[in-house]
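Next, two complexes with chain A in common: one pairs it with chain B, the other with chain C.
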Partner chain A sequence: MAAAPHNFFPPASLTTSGRPVLLPGEVECQLLSGVDLESEDNASGSNSSGSYDFSPLKSGVLILTTHRLLWLSSDSSNTTAIAIALGSITHIFSAKKSIKAMFHSPRFRFQVSVNSKSAVVTVVVRGKGDWEAFFAKLWESWRARAWETSDTVSKESGGSASSSSSSGGLYSSDGSVRMVGVAGILRKEQEMWENTDKSLQDAFQDLNALMSKAKEMMTLAEKMRQKLLSGSNSQTSSGNDDEMGSKEMQDWLLSVGIISPVTKESAGALYHQQLSRQLADFVRVPLERAGGMINLIDIYCLFNRARGTELISPEDLLQACSLWEKFDVPVMLRKFDSGVMVIQNKAHSDEEVFARIKALVTKPDAFTSGISASDAAMTLGIAPAMAKEHLLSAESKGLLCRDISPDGFRFYVNFFSEIDPSNLYLVKDHSLYSVWIKATAAS
Partner chain B sequence: MRRRPGIGGLQTAANARDQYRLLGENVAKLRTDLMKEQLATFRSQLEDFARKHKNDIRKNPTFRAQFHEMCAKVGVDPLASNKGFWAELLGIGDFYYELGVQIVEICLNTRSHNGGLINLPELCNLLRQRRKGDRGAVTEDDCLRAISKLKVMGSGFEVISVGKKKLVRSVPTELNKDHNEILELAQAQGFVTVDEVERRLSWTTGRAIDALDTLLEVKLLLLFTTSCIPELEYNCSLTILIDWCRKGLP
Partner chain C sequence: MQTLGDFKLPQFFNYPPYFTLQPVRDTRDKQIQLWKELILDYCRTQKIFVIGLEEEFPLFANPAIERSLSHEAREAFLSALVSEGRAEWLDKGHKKCLLLWHRIQDWADIILNFVRENGLEDGVTTIEEMRSGIESRGTELHGIDRTILMRALKLLENKGKLAIFKGTSTDDEGVKFSV
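Up next is the complex of A and B:
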């Protein structure tokens, strides 16, 4: 009996827009669509001992990252997602090229071992993606063992710090000068500077050198940032405003920078779809900071900045936003009559605003004198032009009535629906009509 | 230092402390200076690399992420394409997109000071400062072109001409919170003058007049000019004035 795949493979966590949540330092390499995952084909019926059998996962997207292999179901109703750590792959079978393979969908296999149970997974590629490139990248990532290097680097840096010996005298047993007293401190500083200088020189000799020393350079950059750039308030009092503004931006970018942006190279045919989802995830934080609504052009800048050098064109951005209608994401694109396009939270949408307008308009003084656009603007905390638009659309939905007088536009709550046309004077208890009567009788 | 008893001892101890403190300050200053130098070297190296090896960096996703992080921490802008002949002629290629991103970023940073309205020469200047290592200087025409490429994303960015000057508006009316502040001011007395807006909110004249004009257009304010002092213009909030009339002026 084939068991559920979740019992074997750990589930992968997804964001609200259906994008996988990546580990720190994990970068996406390649995506493949239309993929089935099946357990070892037991046509003969005999099951080799110790091998796990799971029911096949059909029609999903296979994502290769530097640390894991993720499978997401493409079915919109089914949100299964599993993760296979590259470290748990014990063997990748080379793809056999046989006559039979020409007629079937391409497939490759690898062996996974989790919790002392092993299974052989067959990946069947039914989509049109370039599976050979994917397979080659799988080998590369598997051999690179990126998940292990993060541990070794931290061990290295820990090891070097504790290298000073502790015997007495100016010269230690191995002949190096001992660090004692003030002179020792100064000498230690000097050594540190010389080391850093040399590191810098070596690292920037050429691109390969920089790549291999990248982690070291990153810690150096962080140190410099902490010491110099954040302590700049006391020293550089004449820093001009642009610098200060961009320092905040920088800090913010460091926290939301996208380490693994979706690119045409990694996603292929799925580019627009995955980009759209990544954008929906990204937009959440700036949207909150801006109060629920943000100019599309501002997002263009912020998203591109977070992606670093992987720029997307304005057309790509627009297309990504228009794809949101197809997915269940919590944000939407809205176009105003003036031509301005904004991104807004679905929760911040019309329904919520109408509810707030209704609360505003059913206050006792509003029953007698109504509300104007400026009142609404100040209560809702939005621009007056927007407030006016909201009031007009609330009116078209039947929530409000307008009153045009020399005073200008004022809006009142609409309770015409509560009035029975055959008996105009019948007032139901607890209706808006009765509240209105009470309020106007008092004034 | 040998400890001496009595007042002499206290003085020696105080001297010693002073000397240590001076030494410490010197070391700290030396350390900061050295670090600034190293930072400058680091930055210029990163900028060089960003320019020369751009394509190679993009090919390797893991390294690309690390490179971006380094740039972000040290304050280097990794967008560094050159204009190129075809880019200028046909207006395509990365250069104008990069410029677009940098322009919007400058507007975002200066927004709290100028309310989203910035004049074109100032924008170009700030842009040139940001692209210091650039071999080809950025002209105003380049800026305009980059902005026109943003048009496909709606009219959030506009270039308005006031006489001979060109201004770039990055905050559309629908999202402009400046107007709310004016209305709040107006509520206190029933009217505001241009001077008052400038003074109380610390805005420039251009920003104040622009916001007041927009509010006039959407008919949330009325304009009164007093004939005896022609420079002063009073803007009364329409509904606030009527409220006043009802309650009676004090």
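Up next is the complex of A and C:
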């Protein structure tokens, strides 16, 4: 807390790409840009009743979730992010009063109690967002008291909670539930499945129910994943089968859902920006698994599958990816000469891939019969289309050359430059050419 | 080592990419260089003067690895020879290519040697004699392409070393040397 730039509100933790880390079960509802948070001015007189005067927060994005209000600075050099638990809001003032000031930016106020200090916060909306809808949603969320129904965060209604042990969110676990052994996992799984089954049956009752259940199911999946995660952490020494089983299950669940997808409805004008950040967080895991580079199409499928109901269009995805240039995120969009687009880690290096390709084509059988894109895909553990891109760029670097025949399209190690045009029969010792001659003679 | 008739093929003739026109510039340049040399070597030893692009040409296929050159590749390699002055297209459609494994000037020198060796410095002979007569047997002139021979003779005629005249009895043309 000492390092926190703000001394009244607890800081909110952010992902590397600047998206807030959500608590278990927390869902984003609405965003509002160009927002200042100010302490109630003295003129209103409420200060005399012991209201705490905090330093104002200027120009940021206000995010309403089912559990909290998050304020994130829009200034890239300033990473201030604070969280106000909805549970700590003691009163939301009716908005009417501030509309009177026609020529001011719209504003609304609420009273909040943090660490037994009370303050009246004025939200000044300088952006063009639909603040009235935001205000209505705030009321709704405040009264819904979602934070109380969530079992894992029941103790966190106080304002100081968000900085406590729980790091929450998609990628970490609080470790509160420990599962031991595969039997435990299986039993838990069984229970979960029974619940899921019920949810499924309910879900199909009608379309509205389906929509509301979908979110529930994603929450369910996320919870289960968290539990499995903490389960497998606590028994790393056990057999491979367990790990495989739970890992598979985890993967499976991970692919089920993003709990709180950024939607046009919730994010409005900030849609692409927020989507972009969420996407950057999301791609980390599949990217790692794919070896640092993944096809845009694959991500499109994975991402939409994870979002469940709030599907995005390919254009939205592309736009979200192209916005990465503006943010400090560890991933980037790359376009190959052929037009194929991929997402790759910034740290990903072609040299490393080339080294692996070179090792691959100089194996004895690859020497004599070359490699196809699917051979490379298998060895490198990547998609064939991706492998082909790598092979083509290795070819353009002069590492490989191609052979097109009725048998297909294959790549060979390139030793054209080792042959002396003025003496076609000369074979230099220790050249790739000489190794190739030996390999072909042996086969 | 593989052979084509009595022609010894280099090892890389079994390298499959050798038969696919390489798209990457540097690689393609190297590949073209190797093809140019091989084509000239082969034609010189086999006394081949004309390559028809649409006809089968033994060098352009390797049954051992089941590879053959595409039409595009053949044209690319021969065009490279043409641009170097080592070959000429005989038609606009690039269907036939004349190989000059000796340049015309070199052929002219070979003719002059032939003339001196046979004491024809002031003699007369016919073009057919030069191509297939007893004197030319065993020399490079034997079986020479008529087009190339005529071009070399014209070159010498321009230098005043000989005169070409139309024979009276046959269709054949005669040559009067004055070396």
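Here is the rule we go by: the second predicted complex is superposed on the first by the 228 of 443 C-alpha atoms of A that agree within 3 Å, B and C clash if a C-alpha of one lies under 4 Å from a C-alpha of the other, contacts with A are read in each partner's own complex, and residues count from 1 in each chain.
Everything below uses one rule, namely that a contact is a pair of C-beta atoms (placed from the backbone, for glycine too) under 8 Å apart; a residue touches a chain by one contact, two chains touch by 3 or more.
Since this is a predicted model, take the numbers as computed values, not measurements.
Legend: residue contacts after superposition of the two complexes on their common chain; A:55 is shown touching neither chain B nor chain C. In the superposition on chain A, contact is made by A:340 with chain B only, not with chain C.
Contacts of A:437 after superposition: chain C is touched, whereas chain B is not reached.
Once the two structures are overlaid, the count of chain A residues touched is higher for B than for its counterpart among chain B and chain C.
In the overlay built on the shared chain, the residue A:414 is in contact with chain C alone; chain B does not reach it. Touch criterion met: A:396 reaches chain C, while chain B stays clear of it.
Of the two partner chains, chain C is the only one touched by A:425; chain B is not.
Residues common to the contacts of chain A with chain B and with chain C across the two structures: 407, 410. Remark: chain C residues 8, 10-12, 14-17, 19-20, 22-24, 26-27, 30-31, 33-34, 36-38, 41, 66-67 touch chain A in the complex. Looking at the complex, you find that chain A touches chain C at residues 370, 395-396, 398, 401-407, 410, 412, 414-417, 419, 421-422, 424-425, 427, 433, 436-437, 440.
Every residue of chain A that touches chain B in the complex is listed here, in rising order: 25, 27-29, 66, 146, 182, 185-186, 189, 193, 196-197, 200, 204, 207, 210-211, 214-215, 217-218, 220-222, 224-225, 227-229, 235, 241-242, 245-247, 249-250, 253-254, 257, 259-260, 263, 265-266, 293-298, 300-302, 304-305, 308-311, 313-315, 317-318, 335-336, 338-342, 372-375, 377-378, 381-386, 388-389, 407-408, 410. Chain B contributes residues 20, 23, 27, 31-32, 34-36, 38-39, 41-42, 45, 48-50, 53-54, 56-75, 78-79, 94, 97-98, 100-101, 104-106, 108-110, 112-113, 126, 129, 149-150, 152-157, 170-177, 179-180, 183-184, 214-215, 218-220, 237-240, 242 to its touches with chain A in the complex.
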